[in-house]
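Shared chain: chain A. Partners: chain B in the first complex, chain C in the second.
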Partner chain A sequence: MTDPKPEISALKMFESLLDKDPEKSMGLAAIEALLEVLKTSTENISLKLNSTNSSSLSENLQDKVTSLTDKTSTVQGLTKDLSNAVDEMMRTDRSSATVQSACELFLRFSSLISQEKLIDANFEAVKCEYVKRGNVFIKRIEKSRSIIAKCFRPFIRSNLKVLTHSYSKVVLESLLESKAHGCVFHVFVTESQPDNSGRRMAEKLRQSGIQTTLILDSAVGYIMESIDIVVFGAEGVMETGGIINKIGTLGIAICAKAMNKPVYVMAESIKFIKEYPLNQSDTPNKFKYRYSTLESKKDALDDEHPLTDYTPPQYLNLLITDLGIFTPAAVGDELIKLYT
Partner chain B sequence: MGKKKGHNKPQPANSPIAPQAVPETPEKLNAIAEQLKSFSPKKGQATPPSTPEGSNSAPAAALPLATSTPKAQEKADKRPAKAKGKPEDLNDGDGKSRADIENERKAKKLEKQMKKEAATAKKKADAAAGNAEKPPKAPAKEAPANKGQKDAPKTPQQPSKPALKKHFASSDSSDSFNMTANGSKNVSFKEKNIQPSNQYDLTERPAIRVSSYFVHATPHNVHPAFRRLAAKCEFKKLNGVNELLLAFHKTLIEFVEDYNPRPDLPFSESISLDLQPQLCCLSDNGVHPFPQAVGNLIRLFKKQIHELDNTKEICDLKTYLKEWIENSAYYNFDLAEKAIVEFTISKLKSMAHRRILTYSRCPIVEKIILTAAEQFNDLHVYIVDDPNNGSRGKTMLESLSEASIPCTYGHINSIGYLVHQASVVLLGCSAILNTGRVVALRGSSLLALSAQAVNIPVLVAAKTCTFVDKVRLDEHLSTALLREPIETIPEDLVTALVTDLRIVPPSSAPAVLKAKQLGYDN
Partner chain C sequence: MADQVAVSRLRDRVNLYFHKTAVRESSSKLALRMLSFFEDLVRYAHYETAEQLIAILRAEGELLYAAHSNEFIIRNMLLVVLRGVRDECLTQTSGSDDTLPQADSLNHFQRLWFLPAPNQVQINSAQLRSGVLDFIKEMKEEINVSAEMISNQAGHQLVKTDTVMTYKLSQSGTLKKFFSLFRAKTIYSVDDDPSAPANVISSVEILSTMKLTTRVVLSAAAILPDGSVVAPAGTLNVCLAAKRHSVPVVFCAGYYKLTPMFIPHLDEFNVQGRPTDVLPASEALKFSNVSVANPLFDLIPAHLITLVLTQSSAKTPLHVYRLISDYYHLEDFRQLDR
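Let's look at the complex of A and B:
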């Protein structure tokens, strides 16, 4: 009997995946980490069971005991392991909205196993099902960015002026794909303080030959009259149809609405969150501040600058996702379909 | 009957319009009654019309009928097509039968027409005679003088002010009315269609009629429980849709309990046949539609009856139906209210200042606030009330004060002030339409509108049993049991609907309908 493998720390796995490939979608990394936890917990538990074989129970009884424990405590134990892993990953300083939504959807999808297979006493088969479904889910998610990029192509015409905010990988990929298909357009990117992430976006865009201008956050009002469309990514899409995105998004969206410029949001379906905020103060703190801030300054949050804001659905025109192009009102229905 | 812009009230006895000819009333009415009879529906058991006698007893003398013109004949021919399916036999002691009212309307229309014709003829005559009297100036001078005199509108026999008459005739309203000092309630209008908005014109008919199925309701085939329900509503013992629904559940249970099925029909058919007169009695043969939530209940009940397995014992079927009704009451009241309260409190939890603005009295909102007060210390409630509609907010105020919740009470004129103090608006509703529009007490939309103007969220507590698959309602029509005035709030003024399933944006109302299978095609 080999030694049980060391417990994999989901958070460490998550971080290492992202370090290896900085372009990877955060949600995807979270899901892959979870899948690893799933696989390794399989082996751990089955090893534990085998080690109890040497007890003095009669063989029949032992089989029955193991089969019982297979069905009840291990599936429960598995779910517990996974939710522990999710909690651990939420303690990241990266976007926790994405991590939460991705993990919850992944868990729901994987555990959607038919009743017959659950009743079947062979626990190994159940485990394999989980892992198989997990892989299917991951394959689908890997393609989501390219699906979104394809959906977005008709929106870009030549000589268009596009405004975007901060650094979003989905928006980047979509713009690069449009460029690769021969569209010529001009992108304005906001600097997006406090972390200056707009600068990274502008560099990447320039590298692929797209004409880019980096503008101050405060210059959005000035530039809006010459803009044709506004594009955002999203850290999370809410049940209302509104989005959570880098701070500053709400201001740009309101400005665009006031000047009648269309606002499009690009988000993968794993970013759909089952929350219903009514206004800024109603959005949960775990989405607004990073984990380390929440821990260190639990009581003095009023002095902290939030890193994200909530843009209500009335300022958004369309949401482009890998499940299709929706109006904000239709997102609620899609969410329900995903979560049931 | 099509709804006309200048819809008319029945004429008061001291009408200024003198009867123009000796009315050949009985024969004409007979003829009209015959035509109506020939258009009555095949279903149902319409009893033979008793119109001629009924209408004769009505104040026929006051009915001016210009029966001589051929136009009256045409109109009488056209009328029955519109009045298809109207019962002409149900004289519930209204005083005027429908034929009478039709005749009055016809007469008025004819008169207007004749006035117009005479006016145009006169104008032509004047123009021909070279009388270049300019219409706008003359009435401007004449109108105040006329108002002061409180004259009746000119009949064609007075040719003195032709231009003025044209002005009067072409505009739809007469300029004479009596205003009492009070202004709002005791206004008596001599001729026209102005009515205070809080009262319903009970003779109005809906533009589009859905049901065409009539059973004459007599004391013999209507269960006393339904009559008791109607009486309670009449005497305002039941306020609001919630109380009405609960009472309706009880009434249905009583009905099923005492019901003895007909021997020749299977149970489900016989009970649905005998349910008809009960409902017709309440809704005046479909003229007054039921409130939406009640309509839902009735439809689901009928569906249950259809799906009954007639091979079982009658007492089993009865217990099944009774259990279904009790379950429905339990799910839609006890459980649903608990769920709504929980969801709302989870939203209130995340607020910094819990200052709730609410309108009149909704029992669910009351429950929410009472439960929230147990959890939160800094609750403050602003109650806006409508003094014209029973001041139900005062009851809410009393019950909240008993629970030591700080409250502020104001009438509807103080909305502008109160909305600046509040941080969230909580409203009740009586129905939710397919598009997400909210049907609520008249005055609620003012709160929603002001809330949007100061950017505070509007939450509407809506039970899933009140969702209807309709797109619009005739709000000015009174409903069968409740006579409270309602209105619809547009869906873009509402931030969220708190239902017992989950918190939902108004645009997702069809999804809720589907989930609860309340759609009409189910």
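Let's look at the complex of A and C:
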């Protein structure tokens, strides 16, 4: 008799996926972890089927079996499991905005099966359908970054000076793709304190032969006059069309606007969040601070430095996503289409 | 094979059209000619499924656009016709006049992330043909009345006592119609030829005249999805002056000028006119070390524009992107090759 599989901890799965492949998109890791949770619930079901077929079952084993079936034999139970998994993953110290939006969109997509299939009494089939759709979704999201890189190419031409902020995998991939297609340009990267992530970005860019300069966060105003375009990644794209990104983004965007430089944001579609902040204090705390900070300093948040800021849509020119290129105003429409 | 011959003959004829015209015709005539080209393709080419028709149209359209890549209208008309084909296909397969199928939120979701599988369903190709031809006829009719329909909105935008400034009035069919149907008190036309039905001023007088102006009405060559506009060279001066004096700027354009492409740098697309227009050939030897540029278009950024008038609507530049999805199908324009 095989033991029932141990509960897959979504958080552990998520962290291990990111540790194994640091270049993986955070949203993608979150939804892969969710798919694993979905799959393991399926396996527990088939375990139950095997157990009941065996004739000699003691009382407590039967109880164990029933407790397994009670857990995941209904769609509601499954949904509850998955939302518990999402809550667990939100307790990460990495970007919780990305995790939240990616998970919500994944769940919506997987559960949006046609009515006929839902009425099907065979829960096993419904589960399989979920898993199938989940896989399809993941395959599509894996391609997001390369679609964005392709969309971005017309915006870069030779001898351009590009300014970017902190370490963004999407921006990195797009710049590398442009370089691979023969564009010669100069990138300025801000150091991005407190974690010095700009340094990592500059290293990676230099490795591919792109001319890169690392600048102080405070030097942005100084350098802006010689910059041609400004490019940001995003941790989350809000319904307003604004973005949540590493702290310092707002300052750079305002500076660019003042000096008439175009600002482009690159974000995968799984980062669209259904929130409508009006200013910095409106942005939910779970996006601004990491989970450990929120837990330990619940009452003394005023002393904590926020790790992200909200850049309103009037400072952004275009958002380049894998669903297409949008103005900030159009993003709100797209978001509604995603979430209805 | 007969249809291959027919298609190549159509192709030759349309290429000849481009070479014959020494001076570029008005955009509406070009749009009509393009629609006729696609109409003939639909009529004479051979296809069984909608997917085949779309492939034929796209191949011919993209080939033509590659040969004349400064004419956005070619691609715009291709996208209009492709949209017509897809709509026709949808109405036939769903068997009703509803354009939205029942499980539309599911389809919506699918469409957002997945370009739907090509329609391999065998539909009645004769019915498809006649449906698409009807659609093209409607679109042609819309082009014919577009100038008039834009002018009908003039009453909402201007009053009789307005002082209006425009740019090169006599060179734009849309604007000529606009002002003939709506007689404003004073019209200033910048850089126009003296026979224009307006007070002609030169570009150096723009700022001083702008103080007296209450409205600026201009014609666009192309409207881009972020609300910016490609307009004849020299228009940027007028728009900047208008911004400085807080004068509303209204751009008029028919739907055939809606271009689903973003243009970050206009230099790649700008057409150069004749250098002898700037520097006469007789002076050329004297200025042999000078490079003469004569760009024909300006890119007007969205923040300088107050309103965009098309034949069906008046939209602020922020909302122009909605028009794009009205006329073109998502699949066709989402990932365009430049």
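Note that in this section the second predicted complex is superposed on the first by the 310 of 340 C-alpha atoms of A that agree within 3 Å, B and C clash if a C-alpha of one lies under 4 Å from a C-alpha of the other, contacts with A are read in each partner's own complex, and residues count from 1 in each chain.
Rule of thumb we're sticking to: a contact is a pair of C-beta atoms (placed from the backbone, for glycine too) under 8 Å apart; a residue touches a chain by one contact, two chains touch by 3 or more.
Not measured: the values here are computed from a predicted model.
Legend: residue contacts after superposition of the two complexes on their common chain; A:254 is shown touching neither chain B nor chain C. Contacts of A:276 after superposition on the shared chain: chain B is touched, whereas chain C is not.
With both structures placed on the common chain, the touch criterion links A:307 to neither chain B nor chain C. Of the two partner chains, neither chain B nor chain C is touched by A:138.
After overlaying the two complexes on the shared chain, residue contacts for A:239 are found with chain B alone; chain C is out of touch. More chain A residues lie in contact with C than with the other chain of the pair chain B and chain C. By the document's definition of touching, both partners, chain B and chain C, reach A:329. In the superposed pair of complexes, A:151 makes contact with chain C only, with no contact to chain B. Residue overlap on chain A between the chain B contacts of one complex and the chain C contacts of the other covers 329-330, 333. Of all residues in chain C, only 103, 105-106, 108-109, 112-114, 225-227, 262, 264-265, 268, 302, 318-319, 321-322, 334-335, 338 touch chain A in the complex they form. If you check the complex, the residues on chain A that touch chain B are 239-241, 276, 278-279, 281-282, 284, 313-314, 329-330, 332-333, 336.
Residues of chain B touching chain A in their complex: 347, 350-352, 424, 457, 459, 492, 495-496, 502-505, 507-508, 511. Listing the residues of chain A that touch chain C in their complex gives 108-109, 112, 114-115, 136-137, 140, 147, 150-151, 154-155, 157, 262, 269, 317-318, 323-327, 329-330, 333-334, 337-338, 340.
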